[in-house]
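In the two complexes that follow, chain A is the common piece, with chain B as its partner first and chain C second.
Let's turn to the complex of A and B:
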């Protein structure tokens, strides 16, 4: 078994995670973690839907930001997909999607303030980069034959509309709908940096110990996502997209002087501003790199590797919950509900909740990342395992799991896992805002100290790290000949 | 001008030569049947001719090249996308003009499937799909027909109906056919392909099925 490259790769990654555990700061520091967790669950089962008047508004804003951001992102992404062959476009898209929505929000907050544009752009910009990549992959896979058959002299637009789009349409629509679901999660967590979406109210409910309010918000959020197919209909879509901009709220007016100052002064490295020359610049960057970037990178990488392996373990444990090869329909329904809750909770919210309950350390982050991503991969693998047809006399129970199913789904499991590697790293970096010492922590502190020049450099370093992991993940997937669909 | 001359034609696939060197001259009014064992290079030859005439032909490729998500009407209409302005084509995608749908419907009527005009190509049977590709070629109205086994999925009477229609509408054609009877009945010239070479080139009225059989 050790000679199999997939097993060897898994063992190497597990070993790295175990070594990481030695260095990681894993602890429960809260005085009474289980009591708090108990109070939280009590809150979830006794939700109070009517205490805050802001709840309905928060949900409306969450939906509105998601719609406007995703719609704008998909239009821009589509246009970018048409020119995706160009190398600079690829680089640009890789770059904008390597920066997390919350980082974009933090940047725009500095010069647009609490204007709706901040939230819209924070979603639209990274989503454009993602849409461009996936749309272009879908368009590339379309059958080229109809296009080849068109009479010479056919216009470019006509050819595109007749021979390209129709066969891609369903796939693009499915992916866009999936992204809308992600958009709702992104929109919800934007509240944590002060925009008027769900996260804002969730944070204030938590900080005041109003667990029933928090429970009500979470339940409504699950209902919102679970009923997405019921209320998002193709015919209603134009109504939503045209209506959504009117429900973003007014926020504060944009002060254009701030915008100009941000670009011409705030983000200019301070040695350049103070005319300290290249020597000053070197010292400034060296200090920033050694004291902030390096510890940030170290913690981000350690946390990512632990979370990656934990995600894999959760996914492998969770997929039998919905697989038709185990259990009866009733238990499978329970499994579905469990996995839906796991994957619909944004990891940021999960990490926030656990951090409140267990106190600051890497543990809440690892558990949050593993539960969310493990839920997603477990769902995909479980669905795939259900399509496997076993021989009638196949073993049952644990033997069925270890001999019949895991070997068959292991390759796609690894493919999904390596696909999500970059996503896990992006999230790990952002969880720093919650007080874990990953890159996001240093970005957030720099912003708190009004050192936007340092914040920008740290964000650029984070983006490069994500791009690097993305490339490494793709390399490993290629080396192991693993394939994934883009809808993951 | 719908004839063409091919000389010294070669094609390789994965380093292995599948066609040629081969010369073929087709004059206006020729109805050429390409016959030969499968793998002899007929499809490759059809594709090479398509390139040679720079797309100025009505082509029915073996894999048909239909857009599955579009209705039959649009798949047929695509044969003449070059004839109309972009705005006209775009509008047609949303709502076809009566003039065009009448014309397409008439064509489908001749192919014995008028009721399928508004059905997506994806939900058609193999024989119906083949007739949609033929309707597209007819709608295209090029001077030269290039067809690769255009009736392979059709039953006897329908195959005859289609071959008759193709003979009526195109003065010049090159059709790959494995059915020797059909080749002799509807074409004026039989070109036998063997191992990528022309092994036989005779007017069809001088041949009997027995003369062609050695090619298989």
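Let's turn to the complex of A and C:
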């Protein structure tokens, strides 16, 4: 078994995570974690839908930001996909998608302030990078045959529209619809930094222990996501997209001088601004790198590796919940509901909830990342396992799981896991804003201290780390010959 | 039909947009650092907005923000013209906006204090000065940008131990605000925390503190804290002498329910240089460049 490269890779990653556990800060520091958890669940089962004024508005804004952001992102992403062969375009796209939506929001907040543009761009920019990559992959895989059959002299644009697009249309539509769900999650968490979406109210309710209010908001959010196929119909889409910009709220007017100031003053490293020259610059960067970036990178990497393996374990445990090879329809429905809740709850919100309940350490972050990502992968391979046809005399129970199903889905399981590696790292970094000492903690501290020059350097370091992991993940997938479709 | 609907809808939305845009041109917008539970802040500052709009004859609007930095940025970006800042956030804001002035502080802000509070399980008792008993305990500040919850306690920790808080304590956290600090130490999530005396006193008065679980073990010397700060360019926008009118309105505020919501016994005039000590400490700790 050890000779199998997939098993070897799995063992190496498990070993790394175990070593990481030695260095990680894993603890429950709250005095009454279970009592609080109990109060939270009590809140969820006794939701109060009417206490928070503006809850309906918050939901509307969440949907509006998601629609405008995703629509803009998909248009830009499509245009970029057409020129994706160019190396600079690839680098640009990798770079913009390596920076998390919340970081983009924190940047735009500094000069657009509480204007709707802040939220729209925070979603649209990273999504453009992701759309560009996925669309270009879809376009590349299109069947070239129809194009060859066109009469000579057919224009490039006609050829593209009539021979290429029809073949890709369904796939692109499916992916864009899927991305809209991700957009709703992104939009909701933007509230945590002050935009008028669901996160804004969720944070207030939670931090004050109003669990029934928080429960109501979470339930409404799940309903919103679970009913997406019901209310997002192709025919209604133009109405939504044209209408959404009018529901973003008016926020505060933009003062354009602030934009110029941000780029020409705020983010210029302070030694250069104070004319301390390159020597001062070296000392400034050295101090920043050793005291903030390095500990941030260390914690981010450790937490990512532990969360990655925990995600794998959760996914392997969870997929039988919805697999047709186990259980009866009733239990499978329960499994579906459970997994929908897991993957619909953004990691950031899960981590926030668990941090409130268990106190600060890496544990809430690991559990949040593992539950959310494990829920997504569990759902995907559970669905895949249902399409496997077993022999009529195949073993049942544990033997069916270990000898029949896991080996058959293991390769695509690993493919999804390595695909999500970079996503887990991007989330890990951002969870620092909640007080775990990953890179996001230091970015947030720099912003709280109004030191945007430091914040920008730290964001760039975070982005490079993500790009590095993305490349490594792709290398491993290639080496193990694993193929997958994109997830978010 | 759908098209008609969209057209009507777009028209109405456009009208709504233009109306709100013209309204905001004459509106004085203010914010405050989120140092306490949001519900309390919204309640408090809605009252202040009504009071000020009555006194000043302009529309006054309060916007809540999620962090101290967001309050400073909004002030700096001229999206708000007036703000209730802490000592440190006020210094940071005024350094970024030339011509901005501290115009009024609470009577209590002239000599403000920070309490160090501890959970009963720590066995810690009141101490004369910060002692080695604190070593190895877990500790929470308030917000990263807070004067009473971060700057001043960190300054005295560094002074007493000659080490950073991370070296003195086994775990250092930032609760976010003073109410959270109180709750976290009360529940034992952290052993020790730093909280501003005004929030502590108010919660005590309202019977919101489990005195069997948490108590004050040390109090810092006094320092200047909260103040109203206004942008220098308000006179151009709202008319000559506007800044002074705002100051007079704040100083004249005597409705008990308004003052109690802060809680302050009244407001007194103040000037920028009263906060020089805060700036010096901020520079020392490295929060101010």
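By our rule, the second predicted complex is superposed on the first by the 486 of 488 C-alpha atoms of A that agree within 3 Å, B and C clash if a C-alpha of one lies under 4 Å from a C-alpha of the other, contacts with A are read in each partner's own complex, and residues count from 1 in each chain.
Just so it is clear, contacts are C-beta pairs under 8 Å (C-beta built on N, C-alpha and C of every residue); 3 or more make two chains touch, one makes a residue touch a chain.
Because the structure is predicted, anything quoted here is derived from the model rather than measured.
S.K.: On chain A, do chain B and chain C fit together or clash when superposed?
M.R.: They fit: once the shared chain is superposed, the two partners occupy separate space.
S.K.: Give one of first, second, both or neither to describe whether A:327 is in contact with chain B, with chain C, with both, or with none.
M.R.: A:327 sits against neither chain B nor chain C.
S.K.: Tell me which of chain B and chain C touches more residues of chain A.
M.R.: Result: the larger residue contact count on chain A belongs to C.
S.K.: For A:54, using the defined touch cut-off, is the partner it touches chain B, chain C, both, or neither? Pick first, second, both or neither.
M.R.: neither
S.K.: Pick one for A:246: touches chain B only (first), chain C only (second), both, or neither.
M.R.: second
S.K.: With both complexes superposed on chain A, which partner does A:29 reach: first (chain B), second (chain C), both or neither?
M.R.: It touches chain C, and chain B stays clear.
S.K.: Between chain B (first) and chain C (second), which does A:200 come into contact with in this model arrangement: first, second, both, or neither?
M.R.: In the superposition, A:200 contacts chain C only.
S.K.: Could you say whether A:150 touches chain B, chain C, both of them, or neither, answering first, second, both or neither?
M.R.: first
S.K.: With both complexes superposed on chain A, which partner does A:359 reach: first (chain B), second (chain C), both or neither?
M.R.: Touch status of A:359: second partner only.
S.K.: From the overlay on chain A, compute the angle at chain A's CA centre subtended by chain B and chain C, rounding to the nearest 10 degrees.
M.R.: So the C-alpha centres give an angle of 150 degrees.
S.K.: Tell me, in angstrom, the smallest C-alpha to C-alpha distance between chain B and chain C in the overlaid model?
M.R.: Distance of closest C-alpha approach: 19 Å.
S.K.: Report, in rising order, the residues of chain A that make contact with chain B in one complex and with chain C in the other.
M.R.: On chain A, no residue contacts both chain B in one structure and chain C in the other.
S.K.: Under the touch definition given earlier, write down the residues of chain B that touch chain A in their complex.
M.R.: It is residues 54-56, 59, 61, 63-70, 74, 78-86, 89-90, 93, 136, 140, 142 of chain B that touch chain A.
S.K.: So in the complex, which bits of chain A are touching chain C?
M.R.: 25, 29-32, 36, 109-111, 113-114, 192-194, 200, 203-204, 207-209, 238-239, 242-243, 246-247, 250, 252-253, 255, 258, 270, 359-360, 435, 444-445, 447-451
S.K.: Within the complex, which stretch of chain C touches chain A?
M.R.: My answer: residues 2, 5-6, 9-10, 13-14, 16-17, 20-21, 24, 29, 37-39, 63, 65-70, 72-74, 76-79, 92, 96, 119, 121, 138, 143-145, 171, 173-174, 176-177, 179-180, 183-184, 187-190, 287-289.
S.K.: Okay, in this complex, where on chain A does chain B touch?
M.R.: 143, 145-146, 148-155, 157-159, 161-163, 166-167, 169-170
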